[in-house]
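Going by the order they are written in, the chains are A, B, C and D; count residues from 1 in each one.
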Amino acid sequence: MEERLSAVLSPYEGRKDALIPILQKVQDELGYLPDDAMLEIAKTTGLPESRVYAVASFYAQFRFTPRGKHTIMVCRGTACHVRGAERILEETERSLGIVEGETTEDQKYTLETVACIGCCALAPCVMIDEDVEAKLTPQMVPEILSGRNE
Amino acid sequence: MMNFTEIQEQARQEWDSLQSGSVPVIAVGTATCGRSAGALGVVQAFEEEMSEKGVEAHIVEVGCIGPCYAEPLVNITKPGRATVAYKNVTKKMVTEIVDNYLKGDDPLPHYTLGSFGEGTVENIPRILDTPSFKPQERRVFRNCGVIDPTNINHYIANEGYNGLSKALTMTQSEVVEEMKKSGLRGRGGGGFPAGRKWEAGLNAEGDQKYVVCNADEGDPGAFMDRAVIEGDPHSVLEGMIIAGYAIGADTGYIYVRAEYPLAIRRLERAIEQAHEKGFLGNNILGTDFSFDINIFPGAGAFVCGESTALTLSIEGKRGMPRVAPRPRTTEQGLYDKPTLLNNVKTFSSAPMIITRGAEWFASIGTEKSTGTAIFALTGKVNNCGLIEVPMGITLREIIYDIGGGVADGGRFKAVQTGGPSGGCLPESLLDTPIDYDSLDEAGSIMGSGGMVVMDEKTCMVDVARYFLDFTEIESCGQCVPCRLGTKQLLDILKDICAGKGKKGDIDLLIELSQSVHGGSVCGLGQTAANPVLTTIRYFRDEFEAHINDKCCPAKVCKPLISFRILEDKCAGCTLCAKSCPVNAISGEKKEVHVIDQGLCVQCGVCMEKCPKKFSAVECLSPKLPVAPKETTEVVA
Amino acid sequence: MAGLATSLGSGAMTNSIAEISGASTIFAIGTNTTQAHPVLALQAKKAAREGANLIVANPKEIDLCRHATIHLQHRPGTDVALVMGMIKVIVDAGLADMEFINSRCENFDAFVDSLAEFDLASVEKITGVPGELISKAAKIFASEGPSSILYCMGITQHCHGTDNVWSLSNLALVTGNLGKASAGVNPLRGQNNVQGSCDMGALPDVYPGYQKVAKAESKKKFEAAWGVSLSDQEGLTHSEIFDDIHDGKITALYLIGENPYLSEANANHAIESMNRLDFLVVQDIFLTETAELADVVLPAASFAEKNGTFSNTERRIQRIRKAVDAPGEAKPDWQIVAAIASRMGAQGFDFEDEAQIMNEIASLTPSYGGISYERLEGGGIQWPCPTQDHPGTPTLHVEKFGTPSGKAQFMPLSFRDSAELPDDEYPFLLTTDRSLFHYHTGSMTRRVAGLEQLDSEEFLKINPKDAASLGLEDNEVVQIASRRGQTQAKTKVTKICPPGLVSMTFHFAESPTNVLTSPALDPVAKIPETKVCAVKLEKV
Amino acid sequence: MSKVTLTIDGLQIPAKEGMTVLEAAQASGLYIPNLCNHPDLKPAGLCRVCVVKMDDWKIAISCKLPVKDGMVISTEDPEVQQIRKSTVELLVANHPMTCLTCEADGDCELQRVAHYVGITQENLNRYRRSVRSIPIDRSNPFFDFDHNKCILCGICVRTCDELQNINAIDYAQRGVDSIISTLANKPIAESRCESCGECVIRCPVAALAPKGAQEPMREVKSICSYCGVGCGVMLGVRGQKVVSVEGDRDNPVNKGSLCVKGRFGYRFINHPERLKTPLIKKNGTLEEASWDEALDLIAEKFSNSKGDKFAALASARITNEDNYLIQKFTRAVMGTNNIDHCARL
């Protein structure tokens, strides 16, 4: 991890202003933000370590635990809400046996919600990794999950 | 390097040869919404079909033209004919279209949305004559769905960078003056006159100034900015460059949501191309004006839509809005330097204002709200999608003409505008004209353009709870009224939805809403209670039903509803029992089934599964009594 | 002390603590300020935060570097080269304050001649600091004043500590940074009343107020005041005393509030010496390691149990007040001394209270002439305060220097190596520092459970590269040996120390660092070189 | 700075330009309730409790509102009252009701504003109460951090930043989950915290509270006995025991600031191992003796060692008066200048 990290961090010596792009790049590289990585970011940028965490924990994009192989993001946008997103979320939670914010024990799925993925016309929808599953009903949930059950 | 006239000439040639060449042009909308609907598969299908069948045509990926309900959308232009727009295209349809229209001459009218452009096609109506498009006026969306957003020449050929070229021949004050005269108001939602902001940016003192584009589109239910960036990224860049020239800035930032990867890629590409052509970088178009643009992917915080939070975020800090009294962003913004911050659509409007003049821009719309408004029309409406309409059009026209009315034959109940900061307006206000001031008066706001239609199956208490859930999560938490006020409002609304509402809750909601409005630091907090206040104002009876009668009239709030199988209608088909996720339904085949109210989680699957011909499951509110022994607490 | 006294006429901090935050440039050299003087460090950090240049010169990447504009990470013991190199840059660039030099200083020409050897290339070679960084720091110091110099034991505890100090007074003089607010040369005193002890003449060569014992005039004055005849022979310094004890020349030692068992450089020598004494009296508040060697131990009152005054690092005389009774039969130190004197039949020790003693001090010490307990009721007074109506002196040397001629002396210098440098046998350079949580030999702080919890044992700080080369991990016990002794401590692998440099505190009796340190003395100040010695390390 | 006059609730009060309305009010002895303000720190304007109405139309936060000549301020305008009341009620509804066992009881700013605003049980009962249940961070030996009592005023964060420049803590998370945190919310003892306690003394509630603190019966003004900076301290005394140390805000050196040793390193004073009687070495061991015995022995031995056979090492730890007498004794009684002290170490 150390090498991958220092490769990402090397252009950012003393760059206090670049904290958010740094966090994004480190998360891209490592999948999440381990404590040690945040410490290293603090050292590189010259920011206090508390500040690195303060900023990282403010933004929804950053995670502090490893994610599952697939990330399922249930959209909770308004259009999705009025078209039954809550039931999609419940059904997904039931199918996976976890609640929002958790990762399945086999590290296969992480379940999250997202403010809006901007596919309001196709509501309700769920984003699995990079793909959008549109116009869902609760019954379709097990099916879209099993599609990724490899 | 070529001068602008030469650049334009080259671009026109490329565009014209595409438009009036001998080969058909197939334009597929591959913006995010199109992709979600399968547009990339459609592109692939065309490629495969055509190579297999030896058909020649240009495939162009374009942005979103708006009617998301019709995605994937494919526009085919055969030489000398009008463009035919195909809706909801599937792979199977691709085969038919290739066979019948590209190889043959049957445009398959039943697959089409309509036609546009010069000429006509038999049996296909012109799109702009359809009720859904007639009231629309495409200005900000002028290029979306028409040009290839990854090709700068397409943009240039369609008046692109004309505004910049013209602006550079004007003085800075002349540019600002033109913007002021246009009457353009900030399209981010607040509606502050853009020209006045530019003027303040010009007048602010400082060697270093910035231009920042707010593309942190965070309202749930809004995706107009994404569509503009994905479909016409250069219009945003051009607007920013003009703004940079007008106020004397040399650096711009686009703060764009990281959840919009395609938009970011389009911007990156566009910036690169603008550099190549000399629209960005040093000595733009041979003048001594230099300007560059950086992309800043936002990391996911709704509050960063607030200008001071956004600039702090670019600086690598927590996006916590600065506390008033504070200097204006135009005086002290990014890195405490004078900063002009506008929304995507505001910047995108600037080039046309400069090119065509302020009078042209102000020729539509109302006196105080000129130009067009863009909405993401979604929810329980037939024609979901992005629309661009002249200011002053009524809500009714939008929902019933453009939107095609309430979906699934439902009854209109409310329309929500302005996202979490806005409000829900009832049927009685449907004739309210769309402009900043009228919406404000009605208790909602223009916002950045989300418009969500709700029908009688939408519970207004639940809607208020939904929005508070959103603002509570998105509150930055620095000030007490917003941090704890939104939570308290949410807790009360959750209780009401759960049947635990108390007498006096409505008064407390109103009282707290006023305090959160008056006491919060920033706009997010100050408007956070709008959805509560408007729902109480227009739908107070629903609140009272929840609190006093433990009844959810829309039958949405689970703790207040029960499902029951009607003995006289149940045929014992067992479908419901099989699909019940918690095995709460019992009954033998061909016998009446029964729902165990103690086990039921009110998911409603049984009702959906029950064949229409039986319609044996009904939903009731208030709840049926549960046998005391088997009581289970259900938490919404 | 002795260094600044020669060049400027006073060995104390020239300016005040409150002035630090007003400086435009702060040059902190040989001071780990945030650890050793945390509250004073607040001023430096505040200044840096508000835009002042903070130039930190330290072989280690100390905490203060986080706030610094420039960190000059020079090799230990190369301060003279670094500072003289900076001065040469300033003079060569025409940034010297010639008006100040001409009107207020002497010996500039000879001094300039001595700069010849300090060209940037040589200085870079000696110090290991890139020449351009030195040049940048020098130019900032000279052109963005007022510039204030802060230093501490990292400057003085060298065999050429006086040269180090002189290099700093040269730097301040050449840039005209003396005699004005927020400038100056400011030695930070390590202990609460070092300044006062010196002021009071607890030194072998001077009476209170730095009146030379060798001077007939002062001898006469004190003989008259005390009614006895006095010696005009200068006494022995701290280290010399231990040498004379070792040699049997001194047979009785009266040792008050000190723990040389742990604090003395080359501690084994001190311990051996004390064992040779005929009679050792130790007066302290705890039974320290040293007290255990004593023939008689006398119980003293702590600061909370007596009245009196302390003089802080900025020459401010402040009142301490009795809060509680001393435990058992413990007494304030002055009462014990007075009791011994009386028991020996001496006159002039029958004081009723501390205020009376202060009156005698004031009558004999010109710089304390205007001090009385009444006047100290407010916020304390900074000496010189010669008369009852004098307000005290926040900034020294405003009009003239305290030297005989009234002018400051430029001190020509040449670079000398430390007495003991690493070699093949002892390949690492050991330097000593302090922990924020402990004080000196820990006789007080190690008895505070909370401080002990925060910092309970010695760690040898070592660079990751060095640790790797020795196969050492973090938190492993290592044997540290010098030519004089050996001890053990756990490792703390950290980039704070550059490769080749290791560092320890001396707070912990379990790991007595000072058995390792070098007794090489500065010839003028007689301060041992605890900041540089050669050690070898071995994994245990 | 020029003088201005403003009106607060009908009272004309003088102020200096550059002051905030809150400062001006406080300088005139007027109380405007506030929680996140601290005179040593820049105003944050986050608690919103110091809300006022300016010139009859504008709601403003008095801690950030600069005074202007002729300004008219109301603290009792109905809108102001409502915002203030809701805000305080919200804080109380989210705060543990353990006042009597709380460290801050009687000296709690939240109690003070609640009392001023007039919170009634009846009003409070309308709210959904919700108190956090985060384990108390007891890792620091000198103070505890109870996030459940924290009102997120940020005074600790600003103290650690603006005054100490240490930044051991900061805001983390957001919204209702906001919490004052170290990196990854690790125990504070594992952070960069230097235990200076400056945040602890400024905490308006008892989210940060000294461990085992005892209210002193009386305070004695003195000077810290550690390093040479010479910080002014107030020694808190009960009976014959020092039970607390606080920075002396009137002292020109430290203006109230202290470091970890100065604030918390006082327990050696009443330590059981303190020497209580003279000890004389008999047969190789130190035994308790009377002062007479010890003084006689010393007088005898010292009388035989006069001149350069004698040396005294005074101390940089003791007072000027102590040092003066020791050098006087050495020179005048013992007849030698062999006197030095540990200045060089």
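As a convention for this text, contacts are C-beta pairs under 8 Å (C-beta built on N, C-alpha and C of every residue); 3 or more make two chains touch, one makes a residue touch a chain.
Predicted model only: the values in this text are computed from it and were never measured.
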Remotest chain, chain D as reference, centres from CA atoms: B
Result of counting contacting C-beta pairs for C-D and A-B, higher pair: C-D
Mean-CA-position distance for chain B and chain A (Å): 22
Whole-Å gap between the CA centroids of chain C and chain D: 29
Whole-Å gap between the CA centroids of chain B and chain D: 52
Between chain A and chain C, centroid-to-centroid distance (C-alpha), Å: 55
Shared-contact residues (touching 2 or more other chains) in chain B: 301, 318, 320, 474, 476
Overlap residues in chain C, where contacts from two or more other chains coincide: none
Sites on chain D at which at least two other chains make contact: 171, 173-174
Footprint of chain C on chain D - complex, ascending: 141-142, 162-165, 189, 194-196, 211, 220-232, 235, 237, 240-242, 250-254, 257-262, 264-271, 273-281, 286, 289, 291, 294-299, 301-305, 308-333, 335-345
For the chain B and chain A complex, residues of the former touching the latter: 32-33, 35-37, 68-69, 71, 217-223, 226, 258-261, 296-302, 313-320, 335, 376, 378-380, 384-385, 416, 419, 450, 452, 454, 458, 463, 466-467, 470, 474, 476, 579, 581, 601, 603-605, 608-609
Contacting residues of chain A [partner chain B, same complex]: 16-21, 23-24, 54-55, 58-62, 76-83, 87, 90-91, 94, 114-123, 125, 130, 132, 134, 137-139
In the complex with chain B, residue positions of chain D that touch it: 44-49, 51, 59-61, 64-66, 79, 82-83, 85-87, 90-91, 93-94, 126-128, 130, 151-152, 154, 171, 173-178
Touch list for chain D against partner chain A, complex: 166-174, 181-186, 191-192
